[in-house]
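Next up, some structures in structure tokens.
Consider the two complexes below, in which subunit A is the common component and subunit B and subunit C are the respective partners.
Our next item is the complex of A and B:
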């Protein structure tokens, strides 16, 4: 190792990358469910994340309540929103067998409407939520552990593991996995797949709402930054192999590290190209993902 | 109507529109018409790949920006005449379209759509970091002072160029639609595997459609720097180009060249009116809401209604 090798810089980049990766997992786990398991191409997922950010901001701004705790309390709201959207999607597209092209356009429209609605209500200024730990940082030798990254990291990992446990250890969760495997077989066995998919989609939107609170704790939020996450969530999802929760976690860490190193050594303005570049490369050369079946 | 007759009619109407514009004195109308026509080109071009072949392109903004930025580049390098910029930008965007066409080799449906969106962000990042064309700060472009054909203001030149380009785009789209290429693309849209088995050269047709579609979208962007006099990445890569170029064919109808034209004229005009009378945020809101409403309630667009109405009369 050369003498001037920036050990501290690398260590900090690794830690920041892992912490960021945990957050990315929370943003992407919903897409792993909707896109990976249910075949619902919800490209509006990041818009719901931003909506979650603004709701957490609103609660935090008015009452001083912790944004992450607020979002967990309010997650049933997002669950209900998810149910509503899936119902519309099912009636208008899935039932008629037109989900591919028109379903995509539908979610693209939802993404756009959410973004513009947020601009109309809150304006285009950056908003930030305050919490008890926003300004504290742990130092371990040369390495920084900013609390505004550590707390979202811990809660997201807990959420992702919770989703995985729910899917593998409960009756309803296993039903979701079964729909992902073979929806037709399930229907032939007399299962109402609509109910199962509706529940799973609603769950995915609920995770988006909570992830939104993480986002506004980590950085200031503005309505249009949701677009930057479209590439990210699909990159994580495809990289991890569609519909695998552990794969999503691994893909999120890969992307977090890649982005953190890019912004440390090349400058933050190159960071968005990483996730989208990785996504393009994965799609073009290894469509089954790193951990795909 | 034969393609040659259609082309004659299209260009004759274009010339008539340019001649008629001599009666207009208010500059605002030129700039409004310019914007609407720009959307006519984008919608028509998008429909060649999206409507005829069924490959959804979310990256319209990237093609548009390639056209715009190739003009910025040429402006910085040599100040060539407008026509050189238009041709160069069209070719550059066509090359990008060619690359996107090769993507369809491996990606179908949703994955293709997401890849085009990703492409748009990657290009955006490159332009933001490319200082020669202004980077994140943007670039100032001065409109040329000497005007051809005794026109009085430069916006009239841009308007005339836009009218001719729109006519050109419509002629190209209709020629493709009525030829064997169009039938091949329709076969791909309905069932790509079956088309391949029936001997349709699917890859060649898809690459052709992607290239032509990309080139035309780029063409719409080539005059953008002169129109605004100032180009920045977030303006050239604006998501509203992508949304509009999808919404307009969906609202008009995607099966023929008339659909995108109708959709663009309707939605483009509504947006101009709303932008002036209410606000530019509301104008985007209307596009989004109309897109969702049409896609859920009238999946075949306005042309779908017309077809249904014709069938009922028989």
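Our next item is the complex of A and C:
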């Protein structure tokens, strides 16, 4: 190992990259479902993440309940919200074949409306949720494990694996994959593809709600902070391979590790360039992404 | 014919008599953009509340030059690209009589070219070293960073550091890729040159950085005596939490972090702020030096609690009010809205405001720097009330405001 790359720094960079990747995976898995599988360009996904942050904050502030546990308990609400939004999107745009540009404008509108609603309800100040583990760090030799990143990482991995198992091991999940592959064929077999897509889109919004709780545990949040993640979530989704949940996880880890190593050894301002350089290189050699078919 | 001319003259005189009071009652419009959404909206909204309090106070006294004051403002979304169009609209469509800036360097700088084109006297609210590139003689700035703003801004941290025994030898500089941190780091680099320190780390990070542990570990690997950080609120919180998580070991940590001055981060970070050396513009420890500020804070805090913004209001709100006081006193003294006369008067005069005596130098900055370098200590829990009274902050510089000495090293002063 060269002197410039001491073991402790490398180990910590690996751990930090994986923990960050876990968070990125949670934020991106919903986009992988909506954009990758359903072909719904939900540009408002980060706004739902921020909405999840504020709901977790509200419960945490009023009851002291753990924000991540609260987000899991309240995920059916986000699921229902997702169903409602998809229903509007379907009736107004998809059904009429106007989903491409007008659908995009619709989700932009949702993004702005969500931000403004959050400003009106919560104000513009930064909010952060407190938890029993927020200020705790485990140390294993020279390696640090800050719990405010470890807990979101563990729950995120469980959520991503859960989504993958659901999609591959349940009848409804396989129907979602089938819609992603060939919606027309499914319709010809008599399947109500609207119901399948509605369910899958709702699932993607439910994951956004949980990811929002991760965010507000990790850093302070204000209503418009979601915009900063739009590029990132789509990059993870494309890097991993459109519609592949394992690909999303791998893409998130690749970007997390790239950011962590670049920040540690070459300077943090290079991190976005390296991450997006990796994305371009991957697409050049494997246009379908890491796990794309 | 004569009869007709007399009739017209009479009608004209009558019209003037009717219109004159109406014109006199036209409100005096003061326009500005303000960050009411976006990353710095918390600060922008707090500033707006202060300016509205000033407006109410002035109007209760009968206005200025016999005219009621009206504030005309638009949300700049904390987005510099919206600023030129906002000020064009204010001047061309809303026909405002005067303009002031929104909050912060990022939105003041893009307004400057328009102000210069229109020869407007322009008051800036907490812009760091904005006029260094423009050299505009009608620009004034209410933040007390002194005639060399970038230097004055960092002066407290470096004066404190160089007063340590033994003298520190090395420093790490880090900040966000944005206008304010870039200018603050520029000042810090100048201070480094003057004090003969060796820079062992000097890098910036993207504003959407989530995890700061790689940055602080890389800094720790260089083993610096001092760590100077120029950051915005979310990154300040990230840096402070991460410093605790990675167990940062250095003699002094902090410097130019925006965020710990505000109630939200004070409450959220609580004991994690212990040991941090940073800047403040007012703290209760030096309340005796600001005789009338409590009067303002009482009004502001009642309003801020309802609006859900900075409920302490120590940092920005008194200065936002003071900015308007300077404008008010100048207009009253000059007796008109002549921009050249106003600028001339502001250059020559010492103003008495809620934040004390204010005098501007040739470049429109405070003639003397007065930003407080402070160290937080003894903070227990996240209760905001502990910040309302003296005891949690030591003022390190400037000398007339000093209440104690810095505790080092950082890892010990955190306890």
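Following the convention adopted for this analysis, the second predicted complex is superposed on the first by the 261 of 293 C-alpha atoms of A that agree within 3 Å, B and C clash if a C-alpha of one lies under 4 Å from a C-alpha of the other, contacts with A are read in each partner's own complex, and residues count from 1 in each chain.
Everything below uses one rule, namely that contacts are C-beta pairs under 8 Å (C-beta built on N, C-alpha and C of every residue); 3 or more make two chains touch, one makes a residue touch a chain.
Remember, it's a predicted structure, so these values are computed and weren't measured experimentally.
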| item | value |
| --- | --- |
| Which superposed partner A:41 touches (first subunit B, second subunit C, both, neither) | first |
| Subunit B versus subunit C as contact partner of A:220, first or second or both or neither | second |
| Partner chain(s) touched by A:108 [first = subunit B, second = subunit C, both, neither] | first |
| Touched partner set for A:280, first subunit B, second subunit C, both or neither | first |
| Which superposed partner A:269 touches (first subunit B, second subunit C, both, neither) | both |
| Which of subunit B and subunit C A:87 touches, first, second, both or neither | neither |
| Contacts of A:228 with subunit B and subunit C, given as first, second, both or neither | both |
| First (subunit B), second (subunit C), both or neither touched by A:119 | both |
| Overlap of subunit C and subunit B interfaces on subunit A (superposed complexes) | 116, 119, 224, 228, 269, 272 |
| Complex contact set, residues of subunit A against subunit C | 6, 9, 12-13, 16, 19-20, 23, 115-116, 119, 122-128, 130, 135, 137, 144, 146, 148-149, 218-220, 222-225, 228-229, 232, 259-261, 263-265, 267-269, 271-272 |
| Interfacial residue positions of subunit B with respect to subunit A in the complex | 50, 54, 56, 58, 103, 106-107, 109-111, 113-115, 117-119, 121-122, 124-126, 128-129, 136, 239, 243, 246-247, 250, 281-282, 284-285, 287-289, 291-292, 295-297, 299 |
| Subunit A residues within the subunit B interface of the complex | 35, 41, 43, 88, 92-93, 96, 98, 100-102, 104-106, 108-110, 112-113, 116-117, 119-120, 224, 227-228, 230-231, 234-235, 238, 269-270, 272-273, 276-277, 279-280, 283-284, 287 |
| Subunit C residues touching subunit A - in the complex, by the definition given at the top | 36-39, 41-42, 44-45, 77, 177, 203-211, 213-215, 217-218, 221, 233-234, 237-238, 241-242, 244-247, 259, 262, 264-265, 268, 272, 307-310, 382 |
